[in-house]
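Next, two complexes with chain A in common: one pairs it with chain B, the other with chain C.
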Partner chain A sequence: MMKYVFTFDPNRCSACSSCMIACTDQNDIDLAAGEKCYRKTYDTEIPLDDGKVYCAYLSTACMHCDDAPCIAACPVGCISKDPDTGFTIYDNTNCIGCKSCAMACPFGAPRYRKEDGKMVKCDGCYMRVKNGMKPACVRACSFGALDCVPEDQVTGAYSDKACNVLINQAGLRRKAH
Partner chain B sequence: MKKLAIIGFGGAGYCAAAAARECDPDAHIDVYTDTDIGPYNPMLTTYYVKGAIDYDALFPFGSLEEIQKKLKLQVYRDTPVTGLIPAEKAVCLADGTKRAYDSILVSTGASAFVPKIPGWDLPGVFKMRTAADAVHLKKMLEEGKIRSGLVVGASWVGIKVLEDLVERGIDCTLIDGADWSFSIAVFRETADRIQRDLEKKGIKLAFGQMLSHIEQEPDGRLTAVMKNGNRFTADTVAICIGIRPNVGFLKDSGIAMNRGVLVDEHMRTSAEGIYAAGDCCEAYDIQSGEQKNIGVWLNARKQGAVAGANMVGVKREFGGNALLNLAHYLDYDFISIGDVTSCREEDEVYEYEDERYYFRAVRGGGRIKCINMIGTADSNGIVKSIFIKSFENSAAELDVSAVCYLRANGFPESFIEFIGGKIVDRA
Partner chain C sequence: MTELEKKIKAKIPGEDTGIEIKRSLCAVCSPGNHCGLDCYVKDGKLLKVEGTLEHPYNKGKICTKGASNRDYIYRKDRVRTPLKRVGARGEGKFEPISWDEAYQIIAEKLNAVKEQYSPHSVAFFSGFCKWYRPILHRFCYTFGSVNFGTDDSTCFKSTDICHHLTTGRGGNGPNLPNANTFLGWNYGGYYSNHLAVPGAQALKERGGKIIIIDTRYTPAAKNLADIFLQINPGTDGALALGMAKIIIDNGWADMDYIEKYTYGFEQYKELVQKYPLDKVCQITGLNPDDVFAATKLFATNGPAAINFSASALAHRTNGLQTNRAILCLSALTGNYDQPGGNIPSVASYLHKRGGFDTREMEFRESKRPHDQLRIGETRFPPWDEYCDEFQAMDLLRQIEEGTPYPVKAIVGFGFNAKMFPETDKLVKAFDKLDFFVDADMFMSYTTRFADIVLPSCSSLERGEMKAYEGGYLTFTKPAIPPLYESKSDVNMLCELARVMDLDDDLLKAGYEACCDWMIQDTGLTVADLKASDLPVKVPGAKPTVPGEYIKNGFKTRTGKFEFYSTAIASYDPKYGLNPLPDYVDPLADENDPETKANYPFHLIAGARIPNTLHSRLHEVPWLRSLRPDPLVEIHVDDAKRLGIGEGDKVALSSPHGTIHLKAKLTSKVKPGVLMMAHGYTEANANELVGRNHLDPYSGYPGFKSLRCAIRKEAE
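Here is the complex of A and B:
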């Protein structure tokens, strides 16, 4: 199985939100109706203990965890791994909107769609990837902050940028207020 | 070739069979089930009743036939195991048959507890746990004769049964013996808000009411009579006061039990070669360090998978239970994370309320003990994650993405600080 991973370089992200707009377009997300985009960008300031300010620019969505806890948490079996890409995909035909997947996810990736009472999430644009294209968010990123590559290409200096590597890292340093 | 027996075939039993088969393609796996249907999820029953899913969706792993073929199982249908002999690693059946195995899994689940009070078996009195219970209630409601209902037990099941009735326009009263709803999981202050919001939806509440018995009125309606003499009359009565692990058949086995079968992190019982998983067992709770019966679908699946692998010699460990109760009903949701009964008067309390959220959390001994949140469903996983991390490291803090997420969702800074504070860069 070829496995793909998203990579993200926070030093290249300006939170311009092009990725969000592309995600919204690709997935026909109706923001006016209150739906939420699967990808979310953040431009936020966090005051530090030393009086300085940490400026965070982020673009986040489903991390497509290797051992995704949402899969076992779904009581109806809606969520699974795509065998061709390794992305965490779903078929919400039987979704009961119980939010068990949201409770299982440490990143807040699954979102509740009030319109039909079902959960939705980033599926990695797995159909695009299967057909040789990049996910919509990656294609829209002008600064090269987001990418999606086969796992075996994530090596060397870039390896610490892979989302499912990032989520396994611990050891955090600077204390904020 | 290893010879395995799985007693009981729900979420835990299925995941054990799947893991054992994945780890050992040659193992011989016998499954004993007291039904003739596949593993179903009891949590889905009320969703079937309301029409959110079809009957087939109760069975998330497929039909018994499909599973039997896929996992190469020998399934004994309608064949309850009546006893277990640990010294011989043997299961006993009602007809006197005894079969020995290399390892045995007890995954018999739990049953709805209905006390055998006078009137418990009157027509119109029902419980909610099995696929048959769901079919029965759905049929009863579709007949259209039910105009009023009593739900005895402000439990996680009770609130979903209540939703099924209310959404059909049925006048409902929620009754419980405790002084407030969900009393073993939420703070009184949280319960006050939950109850106020239920009343706003037109639901009548009666707490501190212990059920004595049920009578049938001359017109066929049912009256639930309380121990204090209060009487509540309606067309139907749901008894949703809790579940009990299905472990009666083990009482003479010598296997260590409390409410459920006691297991270690490998899902081993006190008897060599005998494992237990799911709602019938008590695994370690990460908060108290003690064994607790926490009947949750995700636990059952994880525990079953761990047991199945260990049964064929592949070492795996279950990371531990945590008390988590998520309820959502009638466009409303709340969650309780951690053990509310562990909180003490001297502990530090956090409370916050705005038009969207309610938070109440308690810290003691340098750790978060319990968090109650109303209206936060999308963010529950992030908060649960920091709670779990705090048991690995009492100084655990939220990383930048978690802080950004919670801020964007309108969480107050004071709550973020209370549950751990912020960390902004990596070592």
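Here is the complex of A and C:
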């Protein structure tokens, strides 16, 4: 199976949120109806042990985990892996709105849409990727913070930037209680 | 879902999905940008936008605001038809009328003012998005009025005038590809000029050094800075003079360059002696070691380029001289018009430098009347000399006082009353007008006060000419038809010229004829440009070559780079203007003991955030969702002291007014400093700014340095 991964460089991000707007545009997310964008940015000030403050600028969405717990959690088999991209995709025709996927996800990626009572989430723009395009959020990032590349192109230091390094980084820097 | 249904849902362009990519440009922000846009269109509906990868200017990149184009264009409050006011001014009651009726009313009212008073009593004013300026400018002159004004009265022009005074040529760009050090003075980039970031990133990646000087700890300070100087607001001029002293004292000045190319070095050297490091640090709140290290890096790790911004420093009552003090550092170190320094260039069309000439200036100058003073003329001498527009910061006074002659009508395109200090007084003064017409895409705060409102279309619904760096010209085609009964601003003006039968055959021939006239020396026609979906290379366009300008002498009175401005020295001493770029306290007019005690905070109004641009985007739902409430940023220690918590309701007040908003606690600004975005109707920062809190050189308001008080309000 071919696999694409999202990469993120926290030292290029400013939480400008163009990725969120592009995701909203791409997926027709109805913010006015209370829907939430599949991607979320963070502009967070984290107090450090030395009294200084670390300003974290982050952008997160579905991590498209290898062993995605949401897939197993869904009782009606809505969620699957796309063989061409490795992204965690879904067909919510049969979704019963039980939110098991959301509870299984450590990142809060699946969203429950009140309008039709079904789950929605980031599908990695897998149809765009299959058609030779970048995901909408990546395409909108002017600073090279977000990217989406075949897994075999992620090498060396670059792999540190993959997936949830941002969370580790923020966690490590959090003030000890 | 079938494969085709999936493709349609994913908006994949192609014959099977019926989705077509049409090329346009984003005109949400200033024509200084206007990025190429791919519009995904099906059945005349816009489905989504992306930056155009093949576009020579933005190379596929668009910003947060540009990414919102679909939500912007389909805003529910678009003006749909021409409207005539039926309620009281400001009440917001209008009835739809036809275009013919609108033109008839406008013609009748403007001609009545012309006959009863004079053509100059009609002021023509352009707000955003500026693209129609050459046509409006000529229309104004052909009508017979000297009074063409724009939002340049508060943006861009101050920095431009500073450069003209000092170097004889307008704004310059930092030549980052050849620089070793970038002095990012008030460089924000990420939230204000996204295309300026990749160049700074590239410089850093190849080992170049970056100094960021700002009042807040920005993403640029975090991601790019080797040295970050968090300066007290409005004290940048003192820092620049202090840096100059360090540079001269340590023998880092480029004496060959100074002798060959500059004027007034001895007076300047004497001036900077007034700014020893300890005094500078007292004023700026900086650490002496940091200032020394930054100065050494800038002066000894050249070539070094400096960032100049259109508004950040100019929005202070000491703004123009601050920019002059900074610009002097470029010549002091021999970096002005040298590779890796700051390279001056000349605009081709609408402030864009294309490396070719158009007849934009002649297009309007040939029709300019000379029989009256412009609004504000004689109040700000450098403005009068270097800008052919009225200084709109005197508009309120002239409407109220009627001197030296009355202003009785305003023809506005995107007129934004919230740009003006004491906005409430300005809209009240509209009652003294006989007529106010405003063209806009949206029912704005300002259109409520108009007699006639005209529906403008967006850039995606029209064709327009545009120049780009690298020698390019383009003429776009509409990606979608104009919504409702909206029209392109320039078509309104050319049609109105016909209805009024103005003595101007070119204007009456239409926008494309005007463009053809302006680009007649380029070897291209509008038809040539329209044949391409992408910008076209102008034959013979020349890149700006470093050193080319100064080779034959500066276009100043002395032919040199002027540390000592002979232009300023030539102005009447009654204005009290200083030919040397000395530092003045940005709150000098608000420092009496009572004001100081009652308004202890330093407010920076108008600091950029990613989801807003002036007043234009607050009502775009996608963008508003990123920051739903108007917020004032306050340092966590100040907030604690005042018992203010995150999201608490607070009141900000100045001697001029009070506004209500919510608090955002942060460590990114210094204690004693408050920061907010501007342009909100429900929390308009300009209600706090006094109409005379102005830079005496440019007439620019001190939006970003004023005294205010903050208090927590009951829930």
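FYI, the second predicted complex is superposed on the first by the 163 of 177 C-alpha atoms of A that agree within 3 Å, B and C clash if a C-alpha of one lies under 4 Å from a C-alpha of the other, contacts with A are read in each partner's own complex, and residues count from 1 in each chain.
Convention: contacts are C-beta pairs under 8 Å (C-beta built on N, C-alpha and C of every residue); 3 or more make two chains touch, one makes a residue touch a chain.
In this text the structure is predicted, and so the values were computed from the model without any measurement.
With chain A as the common reference for superposition, the partners chain B and chain C occupy compatible, non-clashing space. By the document's definition of touching, of the two partners only chain B reaches A:42; chain C does not. By the touch criterion defined above, A:73 reaches chain B but does not reach chain C. In the superposition on chain A, no contact is made by A:2 with either chain B or chain C.
In the superposition on chain A, A:96 contacts chain B only, with no contact to chain C. With both complexes placed on chain A, chain A has more residues touched by B than by the other of chain B and chain C. In the superposition on chain A, A:139 contacts chain C only, with no contact to chain B. Here's the short version: in the overlay, chain B gets within 11 Å of chain C at its closest Cα pair. Common to the chain B-facing and chain C-facing surfaces of chain A is no residue whatsoever. For chain A in complex with chain C, the residues that touch the partner chain are 11-18, 20-22, 24-26, 31-32, 45, 53, 55, 57, 91, 93, 125, 127-128, 131, 133, 136, 139-140, 142-144.
Those residues of chain B lying in contact with chain A across their complex are 41, 43-44, 47, 52-54, 57, 60-61, 297-298, 301-302, 324, 326, 328, 333, 335, 377-382, 384-385, 397, 399-405, 407-409, 417, 421-427. Here chain C touches chain A in the complex through residues 1, 6-7, 9-12, 48-51, 60-64, 66-68, 70-71, 190-191, 194-195, 197-198, 201, 217, 219, 222-223, 610-611, 621-623, 625-626, 666-668, going by the rule given at the top.
Of all the residues in chain A, the ones that touch chain B in their complex are 36, 40, 42, 44, 46, 48, 54, 56, 58, 60, 69, 72-77, 94, 96-100, 102-108, 110-112, 117, 169, 171-177.
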